[in-house]
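Here is the structure we will look at.
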């Protein structure tokens, strides 16, 4: 049989697609009169060759893992949750309230409390669209888009009018108490006096995101609920035959999705800025869509895709530091990566498949 | 039925057609000739490659190699447009209609006479009227396809072909979803078409149809053409053997029933659907242990709703008891899981949309609907290893081919998909088995096997409620037959004391005492 | 609210609704053909840039308009190649196109004009100027009708009238022509179109290109009609609102008009009445800001009900796997 | 080499960051020097940019915007040899120069001019995102208007509550039209890129507008009444010029120190009457001498002449 082997599909196809994306990015860089090889070196240098670079890459990765998982869980129930951005924002409100109003004695307790609050707030923000979809048939894509905008306004109101300490210019909450500050990689891994990971925002939340990957994997493929979610996603009529309530699954899947998106704010709000700021989500909710789709809605794929996007975010920052390349270049590179690995992957896969098929035939003959 | 003179060119000739779907060789070097003015049957097991071959002829798939001759002319058919131009029409196994278009819109789609619709529609309306008169193909031109019965939908497909002036008509398993009356009607039409000199290719799993209506028959196996014979020179048994490669039992082999206690008791059951139409209008029915009760009837007379109520995914009023236990018919506790807990297993009518998750592997499907049961749990997780092992064993015993539990359901043929569903439901050892259209589109080898399994279950003292539009199947498999018409039961008969004619009348809503 | 204020709010609604309407109709063609398009935003943005840039360089708004349409159609073509030819995921392709447009517009604008990702401000000839309909002045004095005619109906740029004309036109194309029949069919069941001897691929590409052209007009209107040049991210989420309107409208042209006008009206109201005092409580501006979105959700949940998309939407047409 | 860190709006935001950029460019052009710069794209980059520049030996490091303050407070002590400049911030450290502006004073002057130019007695204000800083602009402006015409009506609108509010010229346009229909004949835009739409529409509709931060009079000659100048460019230019020797500590750039003001040039000469000029001069004198105190929203968290 000349079927394409699994490794080729899992590794070769994405790799070639990435190369294509890199090639077109290079053309764009040339087009604006810069040197693509230098640019690439700068990115790799800054993102992967220094511990602090890794510290940034993994910080972004953590965000994308959470939002990617959020999109993926909903996708398994055939729900397109574009609302990760808003859910993460409101999750941040949960983190802020938990950290500002509860005197945590130690960060280990604070992270538990903050995660719970983030998850609850994120889930709550996802609940209304989920409920409306399940009960009233309001299209979840519209309602989650609307809820993103509404979340912006809610957050803006809270920060300007409620949480902002008097006299502060910044629309941001007060800083969280010292006791809640999460250990970052520098504190965790750097030997005494070493500069390893210094200043980088990656923190213990990264491991929380890995746990979330495991959680989602177990949930989706190892539990009854996951079975329900997947079967509902593939066929609503069949799920009804099996006795699964569409309303229940829609709501539960979206609650989990919203909770995961909300938990991203543990990384940004508690882990990095240590106060609630207006734009801590920075579009990670949308990148999550690309991450989930590229990662084929599987935690391992999502982890890989999140790493790739983390690398691009950090590498792009390095590029911005040392060159005159406009920061939009990174957006273009990200777009090309999404395009080639996500949407045009068949362009690579189809000829490869044919190649393997012919090769297999010849061998058999 | 005079055979055309030898000098007239063949209507159709395929030479050395091969087609692979990736690694699957669906057609291997197939050659076939069809004479004009004949009905040419094609039979073969599920997955033998029949539909693929015909789809190639219709330009739906492109052959890897081979040549097509139409009326003696070598013809290149790169797409369906070319096939239509060459006078070929095809009625697919799964209809290719736009469900929320009207009949008329479906008819003209692709065959419009100009950029504006109005003249095309007017012309089509007129032509349709002539065609309807000529061939007794009545359909309301302004009806939505989704509101039509399957039989009518099929008429639309045939009309589509005739509207395009096809003179070679391919029908892929046309009677799989038709009632006996509709099937008879179809064959009358086909006969008339043949008399007009049109050529018809008929794919079917039903040997009776082959024997009764075809002139020639070709047999396919595993992508190859194994034989082409004159129908009059062969017998059902002979064909079955050619097809499956072994002797097949064509009759259901069963002892008389020994009914025991009343297990399933239905009283005054009423169903109103979402649109507010009353689908089931007060049914009383009892099924005892150790008997098979068959429900016959033209599709759309409330049988499906009956099964759905009993299966737990349709609300109803009235009373249903199992072993004396009243079942809730709406709200909480009226879902599939509760029904299974009450001892009801259900092989649904539509295996692909209801019975299986096509993207799930066979082992995952082997517990579909039962996946909440403690038996399959391992703490808070599912016991996937255990389920896999059981599934592999089950597939072995139910002769599912290929016996690969990791293969996705969509990659099994229809017959084998059905076996997976039947295996799952029977294995639970239910008190009541609901079973809808158990052999629709399934090849004779698999039919034999599935029927045998149902009879075995009966003999273990289970109550079985069978719904089928195949009268033949109901008569041979059931012990008692109830006929449904317009949401009501028109009458009950012992299977051994009735015949197709009597049932046929009941199915048409004609009651009254017959002998 | 007095009559004149009402007129002004409505006038503002119309202006805000037009880009939405054009993008919404654009999406309608694509999605009716079974190709989902969340890339409306990106296409509009690309068109806004191209229109701004070419109008600035050439000094002619018509060159700008053509360039805008061209840029948007190129992205449409990309979407088509990804989702029709290579059967890629339509959502991913849309996301990628949005990002590509967001990045490329600024990158190119900076490279060409060095104005920080903006295009030079357009002078009068480079802009779509308002058209005063005949008799606007004459009727002015007639009560009610006069002001309505001169304030609301007259005095918009050409594209506004074109956009409104496209509603009945789209309806007519969809339901009265061969092309429309096939377009709707291919979005419901591409196999039926294929077996009827019509090329699914060609049909879908045509639809996607029409979508591109309309998005192009929408973008050009933003840059040359409403504004005098391109500014980065100037679409500000209008593509997504158009998408919401499309679903809201259940993929039908007349409903699309009402949906877009409603969104336009809600936005106009929010612009006009930023903080309202109700029973002594000043409603915070953030609430007014969010009101269009909240109302959308309420209307959607309360009155519109289930929106059933074209049945083959989002799925690539695959015959052989 | 020195370094400049621009805030999220980007160095071409047509206002605050762009003013800083202009200052840096002027320095580069005059001295032939080179400077590193970055436009922040995410919150996490604040610290990264500071550290990377500091480690690369950049000195001084100029940062734009109050949002940098917390990060500077954290990073600056680790690099005592490096001088940091925090424009618009409030960091108080030995190696940090913090520059703040009295935007309310400049806006007051803009208000005076608006009130003088207005014939309808109604003037408008269009802010970007609704944050205290922008309210500070609005409040100063309103006081200026009231000082000339106590009965004047001030319509104050914010474009939005999200960062997108800085970049929505179409909405700026609609807001302007709405204000015009409510009678405004002068509008003051403190809204970044959104202001482009405001100025454009004002010019199209034949009313006057007031620009912000940098001199925007040239955008529509004869139609922009003036621009409230916030000499961020001067601040940046000076910082770069002083280089590593710059003096740390607080600097409040106000009217007295010419850190804020209103622009007069050829483009608006025809719009400025002698009487208007005189009123501006009077107000300037009053403020500088302390006779007039302009209420600072940022300090008081409220505004006595304007409700938000």
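We call the chains A, B, C and D, going by the order they appear; numbering starts again at 1 in every chain.
The rule we apply is simple: a residue touches a chain if its C-beta (ideal position, glycine included) is under 8 Å from a C-beta of that chain, and two chains touch if they have at least 3 such contacts.
Heads up on the chains, UniProt names are A = Ribose ABC transporter permease protein; B = Ribose import ATP-binding protein RbsA; C = L-arabinose transporter permease protein.
Predicted model, so just to flag it, every value in this text is computed and none were measured.
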Minimum number of chain-to-chain touching steps separating chain B from chain D
2
Which chain has its C-alpha centroid at the greatest distance from the C-alpha centroid of chain B?
D
Distance from the mean Cα position of chain B to that of chain A, given in whole angstrom:
46
How far is the middle of chain A from the middle of chain C, if each middle is the mean of its Cα atoms, in Å?
29
Round to the nearest whole Å and give the separation of the Cα centres of chain A and chain D.
36
Contacts with 2+ other chains: residues of chain C
117, 232, 237, 286, 289
Could you tell me which residues belong to chain A and also touch two or more other chains?
152-153, 156-157, 160, 326, 330
Quick check: what residues of chain B touch more than one other chain, meaning two or more?
22
Which chains touch which?
A-B, A-C, A-D, B-C, C-D
Complex contacts: residues of chain D adjacent to chain C:
10-14, 18, 130, 157-158, 160-161, 164, 167-171, 173-175, 177-178, 181, 193, 196-197, 200, 219, 307-308
Interfacial residue positions of chain A with respect to chain C in the complex
28, 31-33, 80, 128, 132, 136-139, 141-143, 145-147, 149-150, 152-154, 156-157, 160-161, 286, 289-290, 293-294, 326, 328-336, 338-339, 342-347, 350
Which residues of chain A touch chain B once you look at their complex with the stated criterion?
1-3, 218, 222-224, 227-228, 230-231, 234-235, 237-238, 240-245, 353, 357, 360
Using the touch rule from the top, collect the residues of chain C that touch chain A in their complex.
78, 81-83, 86-93, 95-100, 102-104, 106-107, 110-111, 117, 232, 237, 240-241, 243-244, 247-248, 284, 286-287, 289-290, 293-294, 296-297, 300-302, 304-307
Can you tell me which positions in chain A touch chain D when the two form their complex?
52, 56, 59-60, 152-153, 156-157, 160, 164, 166-171, 175, 198-201, 268, 272-273, 275, 277-280, 282, 313, 316-318, 320-322, 326-327, 330
